[in-house]
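There are structures below to look over.
The two complexes that follow have chain A in common; it is paired with chain B in the first and with chain C in the second.
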Partner chain A sequence: MTTDAQILSALRSAENGGVSGAELAQQIGISRAAVWARIEELRQLGFEIEASPHLGYRLLDEPDLLLADDLLARLGRTKVIGRDIRVFAKTSSTNDVIEKLARDGVKEGVVVFAESQTKGRGRLGRQWVSPARKGLWFSVLLRPDLRPQETTQLTVAAATALWRAIHEQTGLQPEIKWPNDILIRGRKTAGILTELSAELDHVKYVILGLGLDVNMTANEFPADLRKTATSLRIESGKPVLRAELATAILRELDRDYARVCAGRFAAVADEWEEHCTTLGRSVSIHVGDRRIRGHAESLDEDGALLVRTEHGHLERIIGGDVTLDK
Partner chain B sequence: MDIKDIKAIIDLMKKNSVSEFELERQDFKIKLKRGGNGSSPQVQYDEPPALAYLPTPQALTAPAATAPLAAVASNELEVKSPMIGTFYRAPSPESASYVEVGSEVNPDTVVCIIEAMKVMNEIKAEVKGVVTQVLVENAKPVEFGQPLFKVRPA
Partner chain C sequence: MTTDAQILSALRSAENGGVSGAELAQQIGISRAAVWARIEELRQLGFEIEASPHLGYRLLDEPDLLLADDLLARLGRTKVIGRDIRVFAKTSSTNDVIEKLARDGVKEGVVVFAESQTKGRGRLGRQWVSPARKGLWFSVLLRPDLRPQETTQLTVAAATALWRAIHEQTGLQPEIKWPNDILIRGRKTAGILTELSAELDHVKYVILGLGLDVNMTANEFPADLRKTATSLRIESGKPVLRAELATAILRELDRDYARVCAGRFAAVADEWEEHCTTLGRSVSIHVGDRRIRGHAESLDEDGALLVRTEHGHLERIIGGDVTLDK
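Now for the complex of A and B:
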């Protein structure tokens, strides 16, 4: 952990509200002057740190910023995800950054956040609006020992992890739309795009890209999205501290990734099914120029959607655009 | 026969260490082979499979139907799908296709995307050469191991 991360961690866990410069210096193994200099740096970044003669340094307020050190300090220990965190002020797309790291042979678990993306994207090149500091746009590099066909388990796992983190941090009850969109009151709040590099029988790497509308207000959405998209702030009525939410998501992702890798996908899938509101609904699916209409009956063991068509056939859906009919 | 049945057969093959399975009916033939080291089964069809979706008339007249595996010229290589999914020839509907017949490719050239449940798999040519055939139509379902392109190595 870096010095800044250690200082923030110590300030947050200070029992009587403060920690003295001497204690900090001793804990971290640097001089008191160095502690003072680091505290000044943190203040420059927007952390409100009070220095009182009796209580020492106290953390009064934190900026809604994503800082790699801060995220590491909040995250604590995880098995794989978040061992290395990098934050970019602006990039084309965090998936692009991770792809470069993957090709350079970087170990799995690295997470790249961007405060804004110029080319945030969804499925099939669709644009993902990612305004500065309003959401969480990040990607995770994984190198699972799975066959290409099994990587759909990871998109299911990502959706359940995201569901738990949002629920825990905001108290909201999101819904999962098959396969892994997160909706609140029927409006999209988060999307997951997974990119895979694989050979015929093994996975080289998987890039899990997550986009989450956190603190956008209604008028910050483009007009054409206002009826179909929403943010956690709009739904919960208050702003959300993104660093706290981000680390909650990474912790849950780490947990579900471990479950998938240990062959316990069935447990993840049960949880997913519990929150998947697509089941029991009338749906339309567009695949290329083909349209399938029917009733979403159930999920099979791989997470594919089984749809009873108008003609009475049971079709196994693994892709395409799914629309929930009213 | 649908995908469930095939999976059931594969599972039975695994359980009983059966390495080869062949079934022939009037208009359908399937052959399954497993590697000896427990690797995943290779599926070979004598007909373009349309198992995940109902077959459409177009699918049956797709080039794949006229190019049975046996007829592959020995000097041409096939780019195969590593997973069941939907085949996309371009990164977005508005974009140009990654490759066309006649395109020169390198091992790292992306030739298409296979999607399954929002997992987008960029398929690379894995060989240097020239694309001689596109075997699947855009946005159609493909099976594990199904040939997607033919490439004449340079």
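Now for the complex of A and C:
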């Protein structure tokens, strides 16, 4: 953990009590002057830190900023996800950044956040609107021992992780729409873009790209999205501290990824089915030029959707655009 | 076509007759002095070109070199494969070069040859020995409208294309070993490495990497490969002109790729089955940590191998290490 992360961690755990400069210096193993200098830097970044002769340093307020140090301090220990966190003010697409890291041989679990993306992408190269500091736009590098067709398991795991983190942080009840959308009251608030690099029978790496509309107000959505998209702020009625939500997601994702890697995908799938509004419904699915209509019955062991078609046979769907029929 | 390619093309089609500098200049639309300068350059590259006052320029002998111009001239018109050909003297791996081109948005069909590779790869990151000028080491970029699990179709198509080109150029009768090896009398002489970049339901691009042991002599193979590997030269008893073989392969691959894209994979699969020594045999297959034993029955519509296991059920194999049991 960096010095800044250690200071923030100590200030947060001090609750209302405050921590003296001497205590901080001793805990971290730096001089009191160095503590003072770091505190000044944190104030520059927007952290409101009071220094009182009696109580020492107290953290009064935190900016809604994504800072790698701060995210690492909040996250604490995880198995894989978020052991390495990088934050960009602006980038083309966090999936592109992760792809470069993947090719450079960076270890799995690295997470790249961007405060804004100039070329945020959804599935099939569609544009993903990602205005500065209003949402969470980030990507995670995974190197699972899976076959390409099993990669859907990771999308399903990411959806359950998102579900738990959003529910825990906001009290909202999201719905999962197969395979990669999180809705609240029928409107999309988060999406997952899964990209893979593979040989025929062997995944080299997977990039999970996550996009969450967190603090956007209704008029911050483009006009054509207002009926179909929403944000956690709109739905919960109050702004959400993104750093707290982000680390909650990484923690949950770490847990789900461990379950998938241990061969316990069935447990993830059970949880997923509980929150999924696609199952048990009549659906239309566009896969390339094909349109499949039928009844969404269940997930199979690889996370594919099993749809009983109008003609009565069971079709296995790996991805596509799903519309819920009335 | 470049000037060099046009000159070579004209010299070849002149057969024994020769072409005058004036004819060449007029055909190509450059000055006679420019023709002379290009001919000099071609001689520097090893082309033996005679200039006689009566017959004009005559091509007496060609070096066993891969030159982009020359390959383009030999190839002639194709639909997709080889419209853009690039030759490197040495590179890490031609698949890596194509991957960079793919990310830069280069059109499908581009082919990268290397006279030697420093990090030639087989499946699962295994080393592929690729000594200078002894074989064909090249990769092709494809952007098919396929789902990831259909990519095996392209490996199968590449194998049939290799079969036809080798048979046509050498008269040999290769055998195909599922999914990606070409054997002659039981020894490996060529391999195919298929790598893909994809979303869950949609291939972004596929890289077909092909490696052929063409002119290696027995003692040019590493000792540990001598019993299992062979070259076309060893098997046919004479050296093979690599440029001619290379363009034959590209031509056949263009034909098979067109069949796959037109939804006529079944025709490719039929041809494949004719030459495949895996079907109808008892096989052991290693897929990751699993070992599957059974009887190789047929290919399915996506090019996967259908194996009837010892327990009687049909297993669908997308990739793996196949051993033919006696």
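FYI, the second predicted complex is superposed on the first by the 324 of 326 C-alpha atoms of A that agree within 3 Å, B and C clash if a C-alpha of one lies under 4 Å from a C-alpha of the other, contacts with A are read in each partner's own complex, and residues count from 1 in each chain.
Following the convention adopted for this analysis, contacts are C-beta pairs under 8 Å (C-beta built on N, C-alpha and C of every residue); 3 or more make two chains touch, one makes a residue touch a chain.
Owing to the predicted nature of the structure, the values given are computational and were not obtained by experimental measurement.
K.L.:
Look at A:61 in the shared chain and tell me whether it touches chain B only, chain C only, both, or neither; answer first, second, both or neither.
P.N.:
In the superposition, A:61 contacts neither chain B nor chain C.
K.L.:
Using the superposition described at the top, determine whether chain B or chain C touches more residues of chain A.
P.N.:
B
K.L.:
Looking at the overlay, what does A:288 touch: chain B (first), chain C (second), both, or neither?
P.N.:
After superposing on A, A:288 lies in contact with both chain B and chain C.
K.L.:
One more residue to check, A:155. First (chain B), second (chain C), both or neither?
P.N.:
A:155 sits against chain B and chain C alike.
K.L.:
Which partner chains sit in contact with A:315 here, chain B, chain C, both or neither? Use first/second/both/neither.
P.N.:
A:315 sits against chain B, while chain C stays out of touch.
K.L.:
With both complexes overlaid on chain A, does A:145 touch chain B (first), chain C (second), both or neither?
P.N.:
second
K.L.:
Looking at the overlay, what does A:224 touch: chain B (first), chain C (second), both, or neither?
P.N.:
So A:224 meets neither chain B nor chain C here.
K.L.:
Considering only the touch criterion stated at the top, classify A:123 as touching first (chain B), second (chain C), both, or neither.
P.N.:
In the superposed model, A:123 contacts both chain B and chain C.
K.L.:
If you lay the two complexes on top of each other, which residues of chain A touch chain B in one and chain C in the other?
P.N.:
Dual-contact residues (chain A): 123-124, 147-149, 151-152, 155, 179-180, 193-201, 287-288, 318-320.
K.L.:
Going by the contact rule at the top, pick out the chain C residues touching chain A in the complex.
P.N.:
99, 103, 123-124, 145, 147-149, 151-152, 155, 179-180, 193-202, 204, 287-288, 318-320
K.L.:
Looking at the complex, which residues from chain B come into contact with chain A?
P.N.:
2-4, 39-40, 52-54, 56, 80, 82-86, 88, 91-95, 115-122, 126, 138-141, 144-145
K.L.:
Can you check the complex and tell me which residues of chain A touch chain B?
P.N.:
Result: residues 123-126, 147-149, 151-152, 154-156, 179-180, 192-201, 206, 287-290, 292, 300, 303-304, 313, 315-320 of chain A touch chain B.
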